[in-house]
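Below: one structure in structure tokens.
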């Protein structure tokens, strides 16, 4: 198998023109699309409908090209979007292509980018953010690793999870059944959903002991984290969608992936170290030539919950006007984009248990 | 004369406790305070009252320590605040101290930090953002240079201007007199006020030909800019306040200042180059030891008006929820703080004619 | 002809389930849908993509039911959405149905609701908010009156216009052609577009003399207004779409429409007077029985540009956190919903030249 | 004793000019000021510093006029501010005056406005939003009733409480002591603080059985509420401040107060019924003559937690851009201001257990 990643821009959340053009030119076969990860320009919160809009437009395009229904598309191809292009971030999406190698070329000497996907069953609102959610996601990650042909969990560098959130309407539906959602506060419930996702990834990758991943530990024991999990939660999905990215000797192609945890929102060395793993020097900025080798930058981050970064008070958590996740995406996005010289960075807030407390993680996909 | 800069944190916009403690300990004499520049945690817009709150509290503290009235304090000591601590930015203020040298020590070999201040007459609302405003500010900058004992404009590295803005009420007052404000849109009028400030600085420093600085050029001819002007506009002042920072052989002390223009919001090399001018290496981040030498970081920036940074679309200008200046402060603040390893960065948006179009400038004060 | 109005709720901006159910049940034939007016839950600003999302989903549903393309649907059926359901406002949409009468019933004694629609040619970005825009809209209103079979402009009670706005990208495209947009400030440009729309309606209805409707008068001479124009401007359309609502003796059905100008944001008497025109008493609130007769409530409003309502200062125009249009929609929506006892009110901000300065207008559709 | 209420406007949160003018003219003696309730134009959330700014400025003015320290003023005169003047709401403050009657006039036939105040001891962060908080507030309400000379709790019509909230910094301080705050989410913790305040009032007035007012009931059992409690929570106070307003035969003066619970955000009849209690007819709007009799309008409200008002979905709770409290203040403020024909309405969000679930309450002070 051969993996490829297309980094495409959009003019608005319903604009799939760049992907349609790839299809039209023959550069990409619609049937070879296995996953999409993107940043749309909504607010990234409960009422961010840019994710649903993009997803609907993507499903419509693929259904027209593949002659199948929108719902069939969405049951097969994870489309994981993070809303919020604060600051210099640029709306864009990564289209992951999996192409059958023609076998004519000699296999590459080292490991190359491998892609696997999986879906869980739909989640009930009352399960979201609880242990059953963790187990559902762990199972989906294992399935995606099998799909990617990755045996060794150490070869996994990034796991993207998209998981449903609890809206007021869904919480009411649960209550009508006699069940209760993990929180009636919509933003809080989204945080629990992300925590469950991170725990599920950590369980599947063997990063954490499954016994420790209790309901009580979620959003509470911050020493428990995955360095490779990226979880988004949104109103537009009802089941867990998983994309596993790693390196594998079974895959051909000219891409690889590397990652690092980020210890806090100022962890510039983690960014340059990840690039160094890929043979790219940023002194202080990636050169234009190297920038063209980079195919995707994926970052998770969060506002430090103690209200300070390296001893200095920040105001993100006390701001009633701008959601704290919007603040941190803008700041970390500005830092990483400055190193890359490029605003097409997937930066997702809500990094509960995804990287060190108050920090997050970064993964970069680049040509060899 | 000997200059010193105290970088102090605050718990809220009315908290002057750290300054009071310096007074109480004798480390700083109240009469030696000549200027204050700070970042408060408001929204940085027309209705940001954190600036006025801090100013009122500062004036109250100094009036109590110096036995003079609040209004006398505010007529003598420029207090220039920029609202908005988006992302990792930390609310803080720089207290500029000017102390008479005791003459016992030999003068230093090179130039050291010099500080000068000046005030203009009050501005009428209808003058704001127009040529008369430019001239008033240019005069104040020249006065502040004289106050600093700087003869050569090349020795000036940073000029902070605080200038009044046009509120709806002030515009109505002008109209009642038969005059009209430069714009009835409050945010637009603030932009004109900042443009006039930048032109005034450029005129005084000889960066631009005065003949070019017309009403029509403001917010229009973006090739006209100062690389050393930083202008804030707010509801809480009625006259122009100017602080000139430079290096001078007449001053003792152990601080110097350097600056660079920033070509865009991703101009990481400008940050490291400014540090290099001060003998500080960031590879990629300033070391803890060097970080302790840094006494102040001052940045201006703005969202690129063409809607793209290095060819990639940004969404700052089309966002109805978050003001574009809040976006850009968060992003550039994240970048600069990442290099410094410290969130105490004065980042001010609204860089019209302050640095290259779509960019801005940075100045750093550090120990020799 | 017989007019009907279906007031339907949605769970999110892409949810057309209620309309699909009407189609499925046979209560409404897809071919009889002539127009849609709705309120979606975006921010109502330049980056409100909920309007585009709803429109895309509506076009998809109708194209599937009618066996025609999405673009054909959108060229024939005006879909006019206003974003922003601040406060108690409830996301909903009005589906306007035009059914051929079977001729079996005797014609009604009085005039009944009549509906007409029209589209203009696409607008260039540089034409938006200028006199050419006014003329294009006036022509479309006249065409819609003919479509409705209304000869006397006095029988028109509400004209909804949806018109394109200038985004940063569109302004740049115009500039690349050597043309310039009416304003580079996105919110300002939207205001000009709405002004042009109001002037176009006033011209067509004979409310204002065409000679007075100059470029200079737009957003400037507030004595010029239409009492029946409601204009929205958004990124998702490229031509002007017009819906005319009035009463006509040629139409059967059991609905009528009435309207009143609102003199300011506190004009509660205008609301009760409009209801009185329809034979409905609110003392102080519409009874549950009468509430069931009401099929649609359409309101335009705006924050008073002088910064005060009835002599008391408001803060809408100086708020950097919340757009002034969001403020006023929430306030006037709360007032009208309180009278109706129902949050399904179409309240659209941006009432430049639509009703008296600082006020707006209200129209109500109810059963006889 | 004789009570009077002065309704004053402000130009910004630090503007006490109208009060200073009353002092200067002799219309009000500084020593007769017993309490202040006001609406400032901040966001009403954790980072609303307009409340602290106003309080600091008020304390400064009174300390200068009374020759005592700012802290002595603030320990004696409750200054209860609610941030947020969304929509048509106008920044203003009510100054409550208590003047010793000269005894020359005959006592009035009926009951007249009576005012009492009280302060509790400072609250520890970990006590906030828990049962100890309830008891502290109940004690303060009883003290304020004694201060007002009101024996019968039925004569109390409005109790304003200002109580501290938990900021991130305060929560960290508690944690450092081994204690934990009721919630680490700042907005959630504010809600708990308001709940405790409401329970405290209900206990003191005998509206609810004290045994029912448990930690578990707070923010949970919505059948428990006070119809006369109005609670604000903010960063700027450390102890509970209480103002009791009622009618008493022991007081002279020409003012009375009435109140009603509001069953939901559309409860227009509750507004007109309260006015009717005072002999004022709104049909539909208060006449200009009657409007001059009104001295203060005090409203509490909240977004319905079930996500719907009278069966129609609202979007306040799912909005990541605008806090739900800002939404509801704007909507209910618009409704009440429409009835009064005046935007000077004190509308405070966060009505947990203050009035019926999803509703709130209204109190009006007017001349006989």
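We call the chains A, B, C and D, going by the order they appear; numbering starts again at 1 in every chain.
By our rule, a residue touches a chain if its C-beta (ideal position, glycine included) is under 8 Å from a C-beta of that chain, and two chains touch if they have at least 3 such contacts.
All figures in this text were calculated on a predicted structure; none of them were measured in a lab.
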Of B-C and A-B, whichever chain pair has more C-beta contact pairs: A-B
Geometric centre distance via CA averages, chain C-chain B, whole Å: 46
Rounded Å distance, chain A centre to chain B centre (Cα mean): 39
Touching two or more other chains - residues of chain D: 11, 41, 43, 47, 169, 313, 315, 321, 326
Chain contact topology (line, ring, star, complete or other): complete
Residues on chain B engaged by chain D in the complex (per definition of touch): 11-14, 41-42, 47, 49-50, 52-53, 56-57, 60, 169, 235, 321
Residues of chain C defined as touching chain D within the complex: 9, 11, 41, 43, 85-92, 265-269, 271-272, 282-285, 308-310, 312-316, 321-322, 326-328, 330-335, 337-339, 341-344
Chain D to chain A touching residues, read off their complex: 43-48, 167-169, 172, 184-188, 305-307, 313, 315, 317-321, 323, 326
